[in-house]
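Paired with subunit B in one complex and with subunit C in the other, subunit A is shared by the two complexes that follow.
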Partner chain A sequence: MDYNFHWRPVFRSLPDLLNAGLVTLEVATLSMVFGVIIGIVFAIIRLKMRGPIRWFVISWIELARNTPALFQLFFFGFGLGAFGIHLTPFWIVLAGLTFNNAGYLAENFRGGFQAIPETQMRAARSLGMNASQAYVRVIIPQVLRTVYHPMTNQMVWAVLMSSLGMLVGFRELSGETQFLASKTFRIFEYFAVAAVIYYVIVKIIIGGSRLLSFRLFRY
Partner chain B sequence: MESTSIFFTSFKTTDLWFLAEAAYRTLLISGISISLGTVLGLIFGWLLHEGRLISTFILSPFLDIFRSVPLIIQLVLAYNFAPIIGLNIDPFGSGAIVLTIYTTALVANVVRGGIDSVGIPMRRAARSLGMTYWQDMIYVVSPIGIRAVFPAWVGVALGVMKDSALVSVLGYVELLRASQILITRTQEPFLILALAGAFYFALSFPIARFSERLEKRWSQ
Partner chain C sequence: MIEIRGLHKYFGEVHVLQGIDLDVNKGEVLSIIGASGSGKSTLLYCINALEGIDEGRITVDGVEVHAKSTDINKLRQKLGMVFQQWNSFPHLTALENVALSPRIVRKMSRSDAKKLAARRLEHIGLGDKLNSYPNALSGGQQQRLAIARALAMEPSYMLFDETTSALDPELVGEVLDAMRLLAEEGMTMICVTHEMGFARDVSDRVAYIHDGAIEEIGTPEQIFSNPKSERTSRFLANVR
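Let's look at the complex of A and B:
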């Protein structure tokens, strides 16, 4: 083994990497926020509605779940180019992740809605709430409780999937790492540090969600 | 216009063969990694269940790393680490190794969950009937545990099949990489991406549906 590790250039650019880590968190969080909203709406549509809207929703969900995330990113990156729509790398990653998250979360939410007894809805309605009030104040809070852990997992997946941004030219943590590594050719060192940052981000998300669950779910 | 027409040619039927071959390569690398990873995952899952100290302090955190670092980073690290220790591995080899370890980490957790799902009273009953430890494992734990986690295992296997698209970063020409090559030549992104997506979908969707139905039938 006659390879000398050079960690100094990596540590010199550590601030850049940490900033890129923030970009990763930002895009993952945004995609989760949009994904949760779309996921809830889709779950309700899939459970309650009939007709073409339901078929659109089902095909979105099944496409998101049964094709690679990278394929979805490429589709938003190059596929839409066929229709003259050219997104910037940030929007490619955000759109791809949101598409994917929405599909997986919709299925989680569907399970969550099915776990709520019918009587909850009837009780809420008989208290004089209208349908949307009953959903917002009674049903959805309970659903959020049952899908809390799957949602945490999905957030971790969103962070990990955002690394695909590297392949469409987005400068989040992986993209920035590749950019810096290609300037110095210290590929292994740079990616090792990036791996550590990803690990820390994931652990912070899981730990934070556990702390938050103590605060949220106490009686 | 004359000069560009040399580089950009339209989509031909021979390109379908190119895509089919690439699809075969996707199946090859994911098939190898899923089967090897499942065997290793069975062993490690059993270790996670049995070995208390080793599993909590060494094995569990170690396997956790592979689930907390993006696969693409793992691939780049492995591909660039091999030459450092003097190995010369081609993209297929390093891709298969990383995917196998990744599958192992995921399957080990599934297997642990399966063994844990068999109640302790059931296992005590088996042992008190005079079964040995391995008889208990084979005739009592595995039928119940497999039913409990088979759908989860299918999910892992399909996930690895889809994630095998990432091996393209190392230069292994699998389906998605092949479609990118064709897009560069033919400038028809929508058609080719749709073909590639249809292949993944046609493989993943029926299996996912089948496992869903199996899960429903077994839970009755």
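Let's look at the complex of A and C:
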């Protein structure tokens, strides 16, 4: 093997890579925020409602969980593009990840809701709370605790999955790495460093999530 | 005053309540006794509309509970309820458990709600547990917490659904004492209970429910010492 490593160009563009890492973190975080909100609403709809809205929700969940994430991303890029709706790469990735997260999280939340005894709702309602007050103040805080670790997993998954953004022209960490690597042909070096950055981002998320859980869940 | 007229309730095919007529007066303590499955808890849940009804009418201070036009969340503030499984909110401290509803339903300020909650908890002997989470409390303490939480809404009536049935025997006393205290203070109470001693000592009236109907109702003296109905005396002979 006579490959010569050249790390210098990689280190010179390290600021660009770190910036791209922040973009990755940003799009993953946003997709989680939207995914959690949609997921909670979907779980409640799936558990409590009947009719066409419920069928829409179930179809979304089924598609999100049983088709490749890449295809979901392509749908928001090339799929909508075929109908004349052109999203920017950022929105393609955000929409694709949100679609996927919402599907997985809805099922996590559904399990979470089922883990809370029916009597908690009765107790809340007997105190004069209306249904939404009972959900927001009593039920959902307990659900969030139940699904806290699956949610952390989903966040990690969102960070890693955002690398698909490279294939729709989004300059997140993978896209940026690809861009720089193809300029210098130091492909291995660039992707090795990008991998390290991914690793660090994921470790920070897991560590942060653990610290937050100590603060949030004192019971 | 709570008035129940011709109340019928079905769970699918099962005719759980078969025509209940009952008045509960202000300041009265009414105990409801009867075998499991006789419909006594369901009756309680119908009074604050946690269960719907199929026929008949329930009014609380003249307001029809199950009418579409009734603001049930407002009416429920008059009807405190304590459950068999104490149902403390596990993610909140004792103080927050009690303060939550006054704050978000009665729109009290955060500090007023906390002061009220602290008073309620002290009154019921949990003054040293304000910042404990429910999982650090015994069953009896959690049940007293549930009583304080219901009382913080300043209800006119209290509904007790077998509040001691899920407790270890040594914890039953403290909860019954709390209920006794409440009765002495003049609270109007409907207690579904298996505690015959409590029913006899504290109640003004006792109702025996059999198969979804009131078999017999009267003073504790009459029900326990001199029941008119054959079924009542058989039930009492079995529980003694």
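Simple rule for what comes next: the second predicted complex is superposed on the first by the 219 of 219 C-alpha atoms of A that agree within 3 Å, B and C clash if a C-alpha of one lies under 4 Å from a C-alpha of the other, contacts with A are read in each partner's own complex, and residues count from 1 in each chain.
Operating definition for what follows: a residue touches a chain if its C-beta (ideal position, glycine included) is under 8 Å from a C-beta of that chain, and two chains touch if they have at least 3 such contacts.
What you are looking at is a predicted structure, and each value in this text was computed from that prediction instead of being measured.
Enquirer: Go through the superposed model and pick first if A:51 touches only subunit B, second if only subunit C, both, or neither.
Expert: So A:51 meets neither subunit B nor subunit C here.
Enquirer: Is it subunit B or subunit C that touches the larger share of residues in subunit A?
Expert: More residues of subunit A are touched by B.
Enquirer: Quick one: classify A:68 as touching subunit B (first), subunit C (second), both or neither.
Expert: first
Enquirer: Which partner chains sit in contact with A:84 here, subunit B, subunit C, both or neither? Use first/second/both/neither.
Expert: A:84: touches no partner chain.
Enquirer: In the superposed arrangement, does A:187 touch subunit B (first), subunit C (second), both or neither?
Expert: After superposing on A, A:187 lies in contact with subunit B but is clear of subunit C.
Enquirer: Now for A:15: first (subunit B), second (subunit C), both, or neither, which partner does it touch?
Expert: neither
Enquirer: Just subunit B (first), just subunit C (second), both, or neither: which does A:202 touch?
Expert: After superposition on chain A, A:202 lies in contact with subunit B alone.
Enquirer: Do subunit B and subunit C land on any of the same subunit A residues, and which?
Expert: Touching subunit B in the first complex and subunit C in the second, no residue of subunit A appears in both lists.
Enquirer: So in the complex, the part of subunit A that touches subunit B is made up of which residues?
Expert: Residue positions touching the partner: 1, 3, 62-63, 65-71, 74-75, 78-79, 81-83, 156, 160-161, 163-164, 166-167, 174, 177, 187-188, 191-192, 194-195, 198-199, 202-203.
Enquirer: In the complex formed with subunit A, which residues of subunit C make contact?
Expert: 48, 50, 73-74, 76-77, 79-81, 83, 85, 87, 89-91, 100-101, 104-106, 133-135, 146, 149-150, 153
Enquirer: For a test of understanding, state which residues of subunit B touch subunit A in their complex under the given definition.
Expert: Residue positions touching the partner: 65, 68-74, 76-77, 80-81, 83-86, 158, 162-163, 165-166, 168-169, 176, 179-180, 183, 188-190, 193-194, 196-197, 200-201, 204-205, 208.
Enquirer: Name, in rising order, each residue of subunit A that touches subunit C in their complex.
Expert: Listed in rising order, the residues are 117, 119-120, 122-130, 133, 137-138, 141-142, 145, 217-219.
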